[in-house]
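Shared chain: chain A. Partners: chain B in the first complex, chain C in the second.
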Partner chain A sequence: MLQQIPTIVVDGILLGLIYAILGLGLSLVLGIMGIVNVAHSAFIMLGSFFAFELFRRMGVDPIVAFFLSFPVFFVLGALVYRLLVTRVERAPQTQGLVAMFGLMVLIENLGTIAWTTDTRVITAPYTNASLVVGNVTLVHVKLIAGLLALLLIAGFWALLRFTLVGKAIRAMGQNRVAATTIGVNVARLSAIMFGLGIACAGAAGVALAMIFPFSPNTQVQWLAWAFLVVILGGLGNVANTLVAGLVVGLIQTFCTAFMPFDYVYLVLYVLLAVILVVRREGLSHAVRRAI
Partner chain B sequence: MFSVFFLPSKKGSRAARVGWALWACLLVALIAYGAFGRQLFILSTLGTVFLYVVLTQAWNLLGGYGGYLNFGMVTFFGIGAYTTAILHHHYGLSAFLTAPVAGIVAATAGLLIGIPTLRLRGAYFALVTMIITFAVQILALDLEITQGALGIYMPRLPLTPLGVERLFYFLFLGFAVLVTALVYAIQHSNIGWALVAIREDEDAAEIVGVKTVEVKWAANALACFIAGVVGGLYAQRIAYVEPIGTFAFDTSLNVVLMAVIGGPGTWQGPLIGAPLVLLVADALRVTFTSEVNRVIFSVVVIVIALYIPGGVMGVLQRWRRRQSAAPAPPSRTP
Partner chain C sequence: MTAAARRLRVTDVSAGYVPGHPVLRGVNLTAEPGRITVILGPNGAGKSTLLKVIAGFLPPATGAIRLGDADISALPPHRHVEHGVGLLPQGRSAFPDLTVMENIELGGWSIRSDRARLRASVEAMLTRYPHLRPLRNRMAGSLSGGQQRAVEIARLLVSNPSVLLVDEPSVGLSPIVASQMYKELAALKAEGRTILLVDQDVRAAIRVADYVYVLNSGKNDIEGDRSAFEGDLGAIVRGWLGV
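Showing the complex of A and B:
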């Protein structure tokens, strides 16, 4: 058992990186725009099938699909923002939730019509290869997916920290009215932010598809994971989301090593309840604004 | 925790009296059909409609009046179904006796989920209820007491198929009337107004002395209790519970659809939404697959959320207000 621990830790970190990008889009959209995007996991599922279709039809490698997914889902997200979110942004919270819930069901069922409920996998040439360093086994796909996720997180961090758009987005998150006053185009920036959130979901879907089997109707469980990361890491902060993702990943690999797989879910749900009780002051005010 | 009292409402106009007369006629017609109808299919479909009326009314309490959406109503329904099934399997108790126990177990589960999430504002309750169904389903699959994927069989009642459907037709109809009356009473009590105040502006509600958190907990526990009882009865109706079907996400989805389409936050909303969604869904099922069906309904939900927030009742209320406002000429003064 003890020799396995390094492998478990490395596995946990790699998984954690992917969980971090699962939660990142949700966290930014919720923290900066105050929108509870219930349909987040539906876009993750679409990302997985984006990679699947590219791979099946054109033999495009999932790594390439990861980079392709970003612009595609960015446009998709901006469209959803224009068509749907702008109309419920100022409405009472329940209305927005219902609309996003409807969108989730719509995407899930369109997915089921297109791809049926069969469970799919992507088998890239390097899927079953692994690298052994000392007594740590590194599975290639996990390594690649983890590194891609890290790249995405670093990109988001740099974007929000160093670019003018990033600074404007953060200003909007801190105070929408003040940001408008100093000349930030809040409407355009919100569309960009929402697009980035969905792009993140799509890319996360590609990364997930490299490692896990997927099907259209099991997407809600990824919402659970993303939501857990968001609650643990707080809203709208890239670095904290990364840490939260790593924690969730490590908890999962340690739990799977020591108990039947299904119980991991239960451990995570209990964790979710505990965090909600412990962290309630930190969470309460952030979601109060819009949807 | 808090006292409940009723607030006097202004006595009805002519339109309101006509409305009451229509509801009464409908009830009489349904009772007559239950007593004399011989079509098994219609009896069974209407029985399911009543079941959903009960679930949607329960959802309406916190979701419609309070604005806290429960996206996992099936969790509590399924917990109720499993409770009566387990009590029958291990102790030989009839589901009709143990349905209240099923309600209490479901209400306890509701409190367990509500206590951490309903202290918080915003969407935490909605998100947790949406994802908790999976956890409960996994428990039902893995625990020994639920017999995993095998499920639990219950003995069929010693009646003809028509007799069984008729029994549950009346059972669910009675329950639907009871729960609707309860929701009506709550709407006209201080608790109903407290929930509406929470929906409209929770800060203001708290400032004027509404115990917001406790009211939300109570409404949620009551809703879960009702869902649990009806789940317990449902287990006896189909005489078999298993994890996938009993915790089907479709049930949660249907409840939200019915409430949103009928008009959340009104006692009439579920009475309109449940038959509308279920009968249209049944009609579509003949021609389309269930996925196409859900695509259609999800588009309807999005459209309603974007353009017609009050659902059918919202449209009716606006129309009635315009009718009553129409005779008075508009003021000319700027």
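Showing the complex of A and C:
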């Protein structure tokens, strides 16, 4: 059993990177814009089917689909922001929540009409291949999905930390009026931020589809995992979201290795309950903190 | 170098937050370049609302706001900076979880396409406020109230606005820091900028004012040069309080 531990750790890290991007868009949209986007997971599901259809119809590799998904879902997110979110973002929180819940139900049902509830998988040429390095067995598809996720996280981190647009996005999350006084068009920047959040969801959907089976209904499960990462990591913080994703990934792989799979959820949600009692702001230092 | 200052003219402006209940009712004023124009009045007179209207956060129901020859009445708030109008809002407005440097850089959002100018403007601000240079990598939220005010002013000046709208600049500051704030306003005036100041600290505001407007119940009440107010200050304030 001890020989398996390096593999379990690496598996947990790779899975954690994917879980991190699962929660990243949700965390940023919630932390910076204050929007509880419960439809986030529906866009993750659409991302999975985006990769599935490209692979099935045109033989497009999921790696290529990952990069294609970002601009496609960015535009989709910006449209959703303009058409729906702008109508509810100034309304009391419950109205926005209901609107986003309605969108989630709509997308899931449209997904069921389009793809039925059958479970799908993407079997790329490298899906079943693996690589052994010392004691560690690296499954190609997990390694690829994990590295793609890491690339996305690094991209978001660099965008928000080093570019003027990223700094303006952070500023907008801290004081919208002050951001406006320096000339920031907060309506446009909000559309960009929401678009980035949905782009992150779409890309996460592609990465998940490379590893896990999926159907339109699995989005509810992804929503729970995304919220788990957000609650653990706190709001609007890329680094803490990454740490939270890694914690969830490692707990899952260790639990799966040493106990029946059903206990994974028990352990994670007990951990979540303990964190909420002991440290309601999650792993970060504040309920609403910058990047 | 200061941007060419222009006259700010508010003509017959009415505005409010609820239809049918105007807070401002036909306000007129003119702020000249190189002068500090002060707006005084009791609570609820509409002073801060007037600044919101001028800054574009509240559209006027009637009337016009002109900057030089340009009508800026319908301009959205984020576009005022492009026209050389800068607002220093009431209370703390530095972005607390951004560094001092990031705060100042963001002041140049409107000139971001000219990276060299942006860099030069940020450097000029660190030269102008040398006490901010060693703090440039500190989070703005970790600074004292006076230091945060300096960050806000530096951020405001990066785009080199010709008109400054200043709302209650001394709120929350110690007397010494507040006094420095008024000295800074005098220095900005000396650079030829048009300054419109709304203040509850009547004495301090009149000390730096060149011209004073008093609003009452959303309308112009009295106006005049500073000298006209210095002698009658007590009577004016007693009049607001109704004693």
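By our rule, the second predicted complex is superposed on the first by the 280 of 291 C-alpha atoms of A that agree within 3 Å, B and C clash if a C-alpha of one lies under 4 Å from a C-alpha of the other, contacts with A are read in each partner's own complex, and residues count from 1 in each chain.
The working rule: a contact is a pair of C-beta atoms (placed from the backbone, for glycine too) under 8 Å apart; a residue touches a chain by one contact, two chains touch by 3 or more.
Note that the structure is a prediction, hence the values are computed from the model and not measured.
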First (chain B), second (chain C), both or neither touched by A:Thr94: first
Partner chain(s) touched by A:Gln4 [first = chain B, second = chain C, both, neither]: neither
Which of chain B and chain C A:Ser130 touches, first, second, both or neither: neither
First (chain B), second (chain C), both or neither touched by A:Gln174: second
Chain B versus chain C as contact partner of A:Val36, first or second or both or neither: first
First (chain B), second (chain C), both or neither touched by A:Tyr263: first
Between chain B and chain C, more extensive residue contact with chain A: B
First, second, both or neither for A:Asn185, with chain B first and chain C second: second
First, second, both or neither for A:Leu164, with chain B first and chain C second: second
Sites on chain C touched by chain A in the complex: 55, 57, 76-82, 86-87, 89, 93-98, 102-103, 105-107, 109-110, 112, 155-156, 159
Of all residues in chain B, those that touch chain A in their complex: 63, 67, 69, 71, 112-113, 115-117, 119-124, 126-128, 130-132, 134-135, 138-139, 141-142, 199, 249, 253, 256, 260, 264, 289, 291-292, 294-295, 297-299, 301-302, 304-306, 309
Chain B-touching residues of chain A, taken from the complex the two chains share: 36, 38, 84, 87-88, 91-99, 101-103, 105-106, 109-110, 112-113, 220-221, 223-224, 227, 260, 262-263, 265-266, 269, 272-273, 276-277, 280, 283-288, 291
Contacting residues of chain A [partner chain C, same complex]: 164, 167-168, 170-171, 174-175, 177-186, 289-290
